[in-house]
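Listed after this line are the structures, all set down as structure tokens.
Common to both upcoming complexes is chain A, partnered first by chain B, then by chain C.
Our next item is the complex of A and B:
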């Protein structure tokens, strides 16, 4: 019976990463008395939220067989532009947020158009656009943060709903929408079909380029949302926002079962992967790991988490 | 008998008052163990020296009082305020007795700092300026004075004429920005000194080297360099060496990392206007210790500046 339950769990694409997350969670709780405190859990939830929003967008692109390395920079640029609109032009903060989200959508749309219309590889193209967007960020700010962001929007980053940090609530809502779209709508089926075989999808009548542009646009919007929430959290629009959102969303997606070749995985799995990374970042500090060892420790845990999924599946297949 | 009674009553009253007074004074309750966390801007050798000073202070407290003092060191992998805040928040969750932090951006760091204080954790800042309105003890030196010493020395070495450049560190770091501003003000005082370029190295030696090399290519008549962070002058020294311009371009550096000292010994750099990182770490722990005991600490502790030259740095 237990073996059957385990087999069922492992047959499910999310089970491996979920069990890995559970093991890391339980071990952390057993080894650190601080891990399960409400404050620490809210710290993990909040840090997961920002990178999680980018991860949702990046995972959908990966399922589609694409990649956008400029998402972190889009988050930073949109945060800075919102700060400039609010502080230098005196625009209403909510209008500034809306305009910055539109900018994020526009930048993602631009990436999508360039990829589809010029036939460029998204990896190469977005290395270039990341340079452009990051450069514009520095031109606008000269590297200096925009301070005194209005208090009325700071609850978006600092506030909570029944003890749950607002950014985490936002991420959960976004994740629910993304999960619904990918798993329950024709658009979701098109994304998987294109990710599996774009040429075959086109032959079936799916408007491949339109779907690609749409997902790039959505990913850009989510990156902008993450950047804006971070501006609200910090109370300043930092030019460096998003600098650390490049590789973790890709790593989280892969840990969560999303194939870099496309067509496999879900945004939910990617978020579970992001949660593993967020917990590792947290426990490294809780355990007082030397900064010089942090890269090694977090790398080993990530490799173990990925291996656990692969090895357990192989073991069960052989044993059943 | 009456006199004796009065005398006894007076003595008891005095004793009682003395005891009550002693109870009210902070720092008199014995505490057997302390745990302090040092949060620098980034993984960087300069902060290792701060950590050395912090450990020294812990050893001194242990030796003198018998209390156990643990020093933890938790550094962001990149000089990024978001990453530093994550570390700060995770550190707060462990409820240490004190946190000493070099702020990457006072405004951006404010929210977690307020959370630390709300939770009764003592906070001292070092090598940076506390957020406006927050009463935190700041340990460091006068950043402007440090920059002025370097730029005035460069101006004198150049006989008050020629093209000069500034290497900024992290532009949003207040201490780096203050130094850059003060360098500029010194140069503006001398009509024949022309500031031709400002590089940004983000406190990274490789970036500093690339920026310095490019700036020297673009400005072949450049005569002198000053920097705003510890990584900057090391990168500049490398660029000067690679360009074969030792002796033609004068560098007055900053701080006392081993590579900086070597550049002075090798004659690539003239000197360095140095902070005292070990002393900053030492006093960061001492202030956290005092605050953890309930003792009020000064608003600022100035650790001073040392001018390092070939004559005083040794072999």
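Our next item is the complex of A and C:
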């Protein structure tokens, strides 16, 4: 019976990562009296929301067998552009938000077109475009933040809905859509098929390149959305927004069961992975550990997670 | 006395007897030809002789008077040159020649580049390789690469037996002469050479002795001087093909009116040109040829996976758009690749998802894909194609090759195609499942689906095909009615000896 439960957890990586999250959650609650306060939970939820939006996009790309290292700077650039449109050009904030989302979509689309039409490796290409997009950000802002973002949109970053932070609600809605798309629609099946075996997917008549461009575009849009919510939260458009959104979403995806080789995992698992990272970072702060240790700790978590994954796969094979 | 002796050698793999009761004597100073069709057991035998597969199921190998089971060091006398190029493209010619360095007597921690290149020069001259020792291998010509591979094998100072596996497959006539000169010089310096080739002319010119394998068994051996090309081909193909149990579709009672199912005119693409044929109602059209003759390329081009350079395809009389697999699938033209792992299965997904990907139109409900509908339909396909699995949620990689193949056929059939192209559908599949797949093809053809069968096994084509198109080196060399054509004619056509046709 016990063995059966263990097999189920190993076979079902989503259940496994959920149990891991629960354990970490309970441990944190036992270790620190401040952890379960509503203020602290809302802090975690809010910080999870921004990186979570990028994680949803990045995890879909990873399932597809691709990767976009420019998502962080897309978020930063789109936030800054929204700020400039509102403050320097006096454009209606809602229109500015729309234009900035469209810009995010366009930048993601460009990455997708370059990868599919020139047959470039997405890792290499997006290192390059990350440099370009980040550079444009600095050219536009000269590194100075754009302040006095209109109050009317600040609730997007600071507000609550029934006590739940707005960015977190947005992230959950996006995640629900992504989960539906991946699990229940033909597009989702195509994403898994391409990530598993792109040649076989083409042989099945799937328009492989079209799907790839679409997912790159969606990921760029989500990165822009995260950047905009961050601008609303800070009340200023900081050029540095997105600087920490490059590696954590990849780490979160891997912890959550997404294979870097593609074809395996779910966005939900990736968000659970992101939650694990967020809680651990939070508990480090609560314990007053030097923030310099945060990188070490989240690195250790990633290494542990992928080791566990590799070991469980070996265990499964022996079982069969 | 023979330098290398093989006695009653056999090798079993799970479900397959790859080699059985093969005996062979190899003498120094002679060239021994090893002949046989694809899958006859040549590679299995070579792997055992070179020690790269150290576990014969039966029999023994004696090298230099000692059983290698007792003295594996004897394998050092054997050098093997594989058919595919296996050089390091980003290293220099000299480095490629002597890696691993200790084998070529370069010892010590530091290896002088100059000494390496000086030593290399001697080899290059001997093999008439025009490249310089310092050139990167990726920049030198294919014939030079081919010769460099042989040269590399010969840097093994212990070498007594040299095995060449189709060393001339990518060479032209003058370059082949260079290889022959090298082979003769090794023969004259007291080496034994095993020469594997599908080209009959070469075999007769360079060989002294021969052994023919078929279905893992030795079917003939002797001196080359005593035989003709015809004897050799007959031994390879086996003239006593049984036609009792065949799977050819019964032709329809009255010939259907209207255009043929598939009509290909003047098709050309990478590695093939000017292909024209038609696929008629109720028949299985076979495609015969050697590896690399271009059959898969032709079919992948018709399917739209590869780009066409010229030509037209008509599907049931309508012009068919080339270069778009999605268009082909939507119009019922499907291709099942020979490379099941590379082009067929989605390895990390379950059997259900692997089949489900092709029936999304049927399973899509208002709130997304209905798992209930999907399970019902997949269940029906598993039953109809007799796919053996514990559960439809099992990862497809854990199924046997035969069951994976049946799943792929079932998946294709779920879309009710009008043309189905099978590329080596029984590769690596046991005999019983083979027969099941033949029955499926026959049933489909009789129900009006156009079937094209590419196969390297002549036996398979003879059993299943109504007509056979032959190809050689990217050209169409004939089109034959299966029932009225001899094996010799067919084999001649796939080895490129002239153009024939006895059917329109």
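Please note the rule applied: the second predicted complex is superposed on the first by the 280 of 320 C-alpha atoms of A that agree within 3 Å, B and C clash if a C-alpha of one lies under 4 Å from a C-alpha of the other, contacts with A are read in each partner's own complex, and residues count from 1 in each chain.
Convention: contacts are C-beta pairs under 8 Å (C-beta built on N, C-alpha and C of every residue); 3 or more make two chains touch, one makes a residue touch a chain.
Worth saying up front: this structure is predicted, and the values here are computed from it rather than measured.
Engineer: With everything superposed onto chain A, say whether chain B and chain C fit together or clash.
Structural biologist: After superposition on chain A, chain B vs chain C: fit, no clash.
Engineer: Of the partners chain B and chain C, which touch A:40 in the superposed model: first, second, both, neither?
Structural biologist: Once the two structures are laid over each other on A, A:40 reaches chain B alone.
Engineer: Could you look at A:288 and tell me whether it touches chain B, chain C, both or neither (first, second, both, neither)?
Structural biologist: Touch status of A:288: first partner only.
Engineer: In the superposed arrangement, which partner chain does A:186 touch: chain B (first), chain C (second), both, or neither?
Structural biologist: second
Engineer: One more residue to check, A:89. First (chain B), second (chain C), both or neither?
Structural biologist: neither
Engineer: Applying the document's definition of touch, where does A:243 land relative to chain B and chain C: first, second, both, or neither?
Structural biologist: In the superposition, A:243 contacts chain B only.
Engineer: Looking at chain A, does chain C or chain B touch more of its residues?
Structural biologist: B
Engineer: Which partner does A:200 reach: the first (chain B), the second (chain C), both, or neither?
Structural biologist: A:200 contacts chain C only, not chain B.
Engineer: In whole Å, how close do chain B and chain C get at the C-alpha level once superposed?
Structural biologist: The answer is 34 Å, the least C-alpha separation in the overlay.
Engineer: Touching chain B and also chain C: which chain A residues?
Structural biologist: none
Engineer: Considering only the defined contacts, which chain A positions touch chain C in the complex?
Structural biologist: Interface residues on chain A, with respect to chain C: 180, 183-186, 189-190, 192-193, 196-197, 199-207, 259, 263-264, 320.
Engineer: Show which residues of chain A lie in contact with chain B when the two form their complex.
Structural biologist: 32, 34-35, 37, 39-40, 43, 46-47, 50, 142-145, 147-148, 157-158, 230, 233-236, 238-241, 243-244, 281-282, 285-286, 288, 290-292, 294-295
Engineer: For the complex, which residues does chain C have touching chain A?
Structural biologist: Touching chain A from chain C are residues 303, 305, 325-330, 335, 337, 342-349, 353, 356-358, 360, 364, 367-369, 398.
Engineer: Going by the contact rule set out above, which residues of chain B touch chain A in the complex?
Structural biologist: Listed in rising order, the residues are 43, 72-75, 77-83, 85-87, 89-95, 105, 107-108, 110-111, 119, 170-172, 177, 200.
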